[in-house]
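Same chain, two partners: subunit A is paired with subunit B first, then with subunit C.
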Partner chain A sequence: MTVQSAKEFKTARRPRRRLSASLVITVIATSVLVLLAILAIFADWIAPYDPLKQNLIEALQSPSAAHWLGTDDLGRDVLSRLIHGCRIAVIAAAEATTIAVLLGVPIGLFIGYRGGWWDWVVMRTVEAIVSIPGIMVAIVIIAILGAGLHKAMIALGILYSTSFLRLARGVVLAEREEVYVRSARVIGASDGRILLRHIFPNIAPPLIVQVTLTVGAVLLSEAGLSFIGLGVQPPDASWGTMLNTAAAFMDLNWFLAIPPGIAIIVTVLSVNLLGDVIRDAVGRGIVVGVKPQTPAARFETFASVAADSPLPPRREDEVLRVEGLQVMVSSREGNEVPIITDLSLAIAKGETLGLVGESGSGKTLTGLAILGLMGAGVRTTHGSITLNGRELSSLTEKQMEKVRGNEVAMVFQDPTTSLNPAFTVGSQIAEVLLTKKGVSKKEAWERVVELIHRVGIPRPEERARAYPHELSGGMAQRVAIARALSCNPSLLIADEPTTALDVTVQQEILDLFRDLQEEFGMAMLFVTHDLAVAADVCDRISVMYAGEMVEMAPVDALFANPRHPYTRGLLRAMPHASDRNPPLPTIRGNVPRPGFWPAGCRFSNRCDFRIAACDTRVPLVGTDRLARCVRAGELAMEVAS
Partner chain B sequence: MSENILLEINDLWVTYWRRSLLGLKGKPFHAVKGANLSIRPGETLGLVGESGSGKSSIANTVLGLVPATSGSIRFGDVELTSMRTHYPPAVRNQIQAVFQDPYSSLNPSMTVEDIVTEPLRVHTGMNRSERRTRAVELLELVSLSEEHLGRHPHQFSGGQRQRIAIASALALEPKLIVLDEPVSALDVSTQNQIINLLYERRDALGIAYLLIAHDLALVHHISDRIAVMYLGHIVEEGPSDRVYKAPAHPYTKALLDAVPLLDPEAQRRRRAARKSAPAIDAPRVSTTGCPYQNRCPSVMPRCQDAMPPAYPVNGGGTASCFLFDGGAVRHAPAIGETA
Partner chain C sequence: MLRLIFQRLLALVPLLFIVSVLTFSFTSLLPSDPVDLIIGDTGTQEQYEIVRERLGMNEPVVVRYFQWLGRAVQGDLGTSFFNSVSVTGAVMQRLPVTLSLTAVSALIAIVVGIAAGIAAALRPRSWVDRFATLGATFGQAVPNFWFGLILVAFFAVNLRWFPATGLTPISASPWEWLRSVTLPAVALGLSASAAIARQVRSAMVGVLQQDYIRAARAQGLPARRVLFRHALTNAMVPVVAVLSFQITVLLGGSLIVEQVFAINGLGTLAITAVRQQDIPMIQGLVLVMVALVVIVQLATDVMYGLLNPKARPS
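Now for the complex of A and B:
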């Protein structure tokens, strides 16, 4: 996110609906807890009767004007006992949770950071405790300490400290490997400082959730322990002892169980809901990654951008045809922002079209849109996608499933994550054949070995039985390619297939793509950020910027004579493009995020050739090659001269 | 001579042990096998290699994040390896780092001010307002400004985050900054902005860089000298231009030949050349001898017997390859052409 956009976000209005929902919850939960606190503090004044005062004549009465919630077996006022029970509940929750946090978090932080024997001994102990039902552990501790509220809460504190310990340890184990912790060590921060200043703040969100869960659990456990007579001792009033009484007189007055029951439910629910709200509020400040933002007012038309691109000429051997594609993403605020607009392209049999652009240009999403695999909140609003003459949007999800893998296949960036680590690579290819082609197991396996051999992996029989982690990155990518090709797709979408690989391996994989295309004749959509890779493997290249195509040309023409200033900028910025010392050529500024695209030419705010005409929408023009720039003609002449 | 050397690495070995079931030491894995390197004050050394070559292990060892197994690392007059990972503050504040991924290298819960001033809090007695003044100075050095002080990392783009990381690394005016793939996670148009910034700061402040990267083309722009690593060995070392334009070791050549060019026609010629080149038989790596022998087009029988020592190369530097034995500078046959 750019810094300007952060500013705009602050001033942007929050939508009302979302705000009100969480606000209502917050207000209700907070009021319940405030009421609970007031009742606990001022119980002596608020309660209409002495909670311990017995009146056997009025025992087990139903609610009445004198006793709003009736009376119990000894004729004590239930309402008064309930109010005094609040005090016990608050003390119990505070005591046990505090003990649990103070005991669990420091030990968890320490063993997580130090590791080794400390970690081993403590974790085995914790596991032993956790393996026994909690209430049993509490009873054992109470057996040692003796019964009574405070002793029971110490027992619960020790019991629940194990969950805080494991939480803190888990967070530290993850954070310890983070690059910013390494940075802190390089700076020379001491272990204590790293733990307290760098790691501890990141525990806050899960810690808050755990605290609220624990408060709820403690309330329940306190009630449980008091119910079986190990917590609060009669005649003192607590919700648990009240339930105990109610259970004994269930036949005579069922209503006795209702007030303490509801009190427990409402309190636990309020604590948990408030915890969720607080976690969201705290988490908002440190959320990693980028959040969708409200669109700036500068983007004049959200609904649709006029599809003014010339449609690609029709060809006999056309495999894929995309016309006027527009994709919108819903932002957090509930409205939709375009991320791809007015995109038209066609790929013929045996042809490779490169889709080149920086992050945020929409190139990856184009591939996913064709497959119909866009995530939640992303949808195609305009345009048509035709594969082998069939309009894909008219297909049902079932039909689309048949198309994927069969007619169109995809190779992803990271082969180590796109292959399932739990299965052998051979079985993952065979699975595609079995489900899509319906061949026998034996045939499938023979084909698997053949395919693995074809993608240049030596000893294919042996490698087919290997698990993904047993293969190098290059080998795993070859397997992923073999899987993609297993059903002879007419279109292969490759999304940055060599970006995660070393250059020497990248070269081999690019050669493999070329060879396979010659042999299988599939059309390829090759998505990459690296223009040089595109130069190697593509026949035509389409340059994307901020959700639209800015230039499209045959590969030789594009590199010899780029027409769009963005293409020129990218080419000049490539590391091997120049042979000189810094300052190296740059494109000023950053790629604008969706919703913050300038009106008119979206590259205009970074362009050195900007003129007044750039502030109105610029169409994509041309015949054999296309450019979206009002000065494309001029710039082409400049290069030629 | 030694007064003029800032960092000197001699016969450095870094070994990791796989843990066995009981937490005992298991099989050793040698990430760095006897590396020699030196950096003069204000000089940039580019350390290039593919994943698993050991370049990041060297970086982590210099930074004191991983202990050296044997060998020596001298920083000025101080021997670092004897301290394992516990460097005294006087050394810590002289060696700083910028890491690869700007998304995980900044603590998400800290503000920019906290991040940039953290080294000052640890190493100096500056008070809050002095630190703040210095933080603004530092942000301006990296083309950010005072208004960014109170923001959190998630409010910045990748390039801006890397600027913040650089500002923090510059805070103590160190003599050496280890740059571990500082731009490889960034977009092309942002990469050069960061490279330019690093270059500019180096000239202004006289800092030495140890630049770890996988892209030779990028490294050569900013480095004075380049060292190339392969499977734990430094196979070639020399002046930046010489290594980039006239690579000596067959591996360096292969690495340069594999970098895709912006010229489709040249790519086609290279592909044709690769196809006509005889396939290299790839047996299991022999445990002795040159690590590159099974991929090398110029492999000789003696390559299996011993690791070639570093032989001097015309134009400066050394190559660990028997082709350069006895000063006879023969060039390995090229695969395709180099740009």
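Now for the complex of A and C:
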């Protein structure tokens, strides 16, 4: 799909910038934590005063040259206490996290590996503990052990061990049945050896992430517990106890609350940011700059392509007319790359035009361009789209909303994803009728049932109340078709409507499209990669390649006498039921990504008939049928002979 | 839907049972002898034996557990060792205070979190998104009690817009209640708003890329309707799944934030009980909190079922 390739195109350039942004965060966060460690280790030397030395004469002073951060209620130097608080923070984080890991991981490994009764009992206990607010669990454990830094950290260690336990158990459950573990068991490795040598290494990446999360949480919890007097006990200086003091003197000297608060925030923020970076790196594999696709030697650099395609002849009963359409997608660097160029086509009432090509040729995007729904970063730069005689580019978004559904509707590829999973299918059709037609609820519902019946679904009243996940793919696609037709649009765009369905269902849906077209008389733009499907429902076929039309002809003529080598390739790649034995010929290579199209004929790097003239731009030529190939005439003769 | 509620209720029975066993056995590990606590230093051996008999301490632990459980099921959580008040009474008296604080902060967290999350998701990588993401990361690093102190310093001490301490009951004066609950609720709700905003953003970004959003737009439904009805309903599914956890965290956080604002709620009760080794009070508090968490879980489960038809039992 073109939309998808546009997305790929964008992501391909992302890693470099991402890497640099995360690098800055990593460097800053790491520096903060290194500074914290240095202050913690050398607190006795760095701190200007003894953190416990009282001086009641100098109590509650504001910052000064002697006391950079002022003094507290007992005249102790705030800066010195803050520096000594770093030590407590480091000890607290290390202690609680170590206890959590040493307690949680072995138990998790054990119950995950043994399973059965052990697993059940431990997991129910963990669930019970988790359902009590964490701080309450810590308080209860402190009630048993008593208050104080180390006891409080044991309490937090026990509390946070539950997350390590669940993590280790999850990894074991995932790895236990892996082939390499089973083969180790087969060759007679002991359980202990399997756990240690084969399963344990898999825990490392998520374990590191969990450790960073836990360290942040421990720092906040320790501060909280010390603040309510159940953690570090006065007179020892921890950031939590300093805040406890500050709370009592908020109206006299509010500044006391600032230094310890900032210290906590900066530390926790650094740990969390580092954790985010690590999680991203673990989740995506280590980030490496993706090497961009090397551009073709003579790669198209111009921003726009001169419209030189012949315009389709005007007809009385014309519904849709597209002239010289050009669509650009913006890349990460900020420049724009063409994704559809010089596309002109017209569809008359009751007519079906097939839009055929490989993924990435721009078919789907053409449909979305007509609807004006191409998404962010994609825009129409040239050309006009006329629907029922009205130029769409001149309409406001509000007017466009009116046009969608009423004059043009679209059926998408995968019915299971194009229907909203949260609502019943009937209500989704009714919603369209209610908002677009302004009918009463009762009328809307009657019409919904009628429509669902019309698209060949038995027991329509009952099915209207079903949720999308309760319907089969074929059934859901019928509902999507019913919704698209609910307002009687004059143009229906069908985007690969049978691709996601079972082969047996495909034919039924194609038949339904033909029947409905006969009944409703709408024009159809039928997007597909499958020429056999196109042959079934279309009157004319337009073949697209790399954002442009390369051939257009009535169905029979196209099949009998393809003029473009690409069309020939597609036709030859069609499987025939009769001859199964010869290997299916394929077209070598892939559709080049936008921005990497060869100059001249865009198919030239995959073409078997390439000559020197192919290196300059090839126009689309012809009258009743069109082809964009310098050797079109020759090839036509070759097939005919 | 009734069926879903019934299923969940049934699943709660073993959970509550295990919590009660845990609570009872953990508090039995308390180092102090409750009898000593009650009779004090001056008690005689005779008094000691009498009190011990009255507390049923001579019975085996298992028997004591079932006696306690039997009474707890009937709403009798025992009597405090200290002032002989009933635990149920003491807890019920403080419960509305903690509940109103937690509920208001949850409301703030949900409203702010959803609004910020949607704003950020609508234009990924825009300045709104960057600001919201930065704010969310920052908000999760701020201790709630410290934020409370700062709010007091600024809005209560300095500007005098709100009272610095206490919580007026809503029954006494709804207006005063609102004034007194605002600062603690904002302080408490900050980090939960941040967590919810992150959740909503990532869920919303994912949902907005879904086919059914484009299909609804292709059908000509107004952009606003597609956003708030089609996208938000689906984006709320993963958010609701973590909501009960967030509310549990808020309930725990309220115990500490209460101290900043000198609010006499469950937190103050719990801290006093721990200092005094008041076993029945600690047991009762844990059970009541678990009951609250369980009710919240039940509510979010039902909400989850309403939002996500696939989660309903057929």
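As a convention for this text, the second predicted complex is superposed on the first by the 459 of 641 C-alpha atoms of A that agree within 3 Å, B and C clash if a C-alpha of one lies under 4 Å from a C-alpha of the other, contacts with A are read in each partner's own complex, and residues count from 1 in each chain.
Simple rule for what comes next: a contact is a pair of C-beta atoms (placed from the backbone, for glycine too) under 8 Å apart; a residue touches a chain by one contact, two chains touch by 3 or more.
Predicted model, so just to flag it, every value in this text is computed and none were measured.
In the overlay built on the shared chain, the residue A:135 is in contact with subunit C alone; subunit B does not reach it.
Judged by the touch definition given at the top, the superposed model places A:591 against subunit B, while subunit C stays out of reach. Within the superposed three-chain model, A:273 lies in touch with subunit C and out of touch with subunit B [touch as defined at top]. Residue contacts after overlaying the shared chain place A:506 against subunit B, while subunit C stays out of touching range. Touch criterion met: A:358 reaches subunit B, while subunit C stays clear of it. By the touch criterion stated above, A:246 is placed in contact with subunit C alone, subunit B being left untouched.
Comparing the two complexes, no residue of subunit A contacts subunit B in one case and subunit C in the other. Against subunit B, the residues of subunit A that register as touching in their complex are 1-3, 6, 120, 178-180, 182-189, 193, 197-198, 201-202, 204, 285-291, 358-359, 458, 473, 502-507, 510-511, 514, 529-533, 535-536, 555-556, 559, 569-571, 573-578, 580-587, 590-591.
Residues 124-125, 127-129, 131-136, 139-144, 146, 216, 220, 223-224, 227-230, 243, 246-247, 250-251, 254, 257, 260-261, 264-265, 268-269, 272-273, 276, 368, 371, 373, 375, 397, 401-406, 409-410, 412-414, 417-423, 431-432, 435-436, 467, 469, 480, 483-484, 487 of subunit A touch subunit C in their complex.
Across the interface of their complex, subunit A is touched by residues 23, 50-51, 63-65, 87, 89, 92-93, 95-97, 99-101, 103-110, 118-119, 122-123, 147-148, 151-152, 154-157, 159-160, 165, 168, 178, 187-193, 195-196, 199-200, 214-215, 217-218, 221-222, 254-255, 257-265, 267, 271, 274-275, 282, 339 of subunit B.
Partner subunit A is touched in their complex by these residues of subunit C: 14-15, 18-19, 22-23, 26-27, 29-31, 137-138, 140-146, 149-150, 152-153, 157, 164, 210-212, 214-223, 225, 230, 233-234, 237, 248-249, 251-253, 255-256, 259-260, 267, 270-271, 273-274, 277, 282, 285-286, 289-290, 293-294, 297, 307-310.
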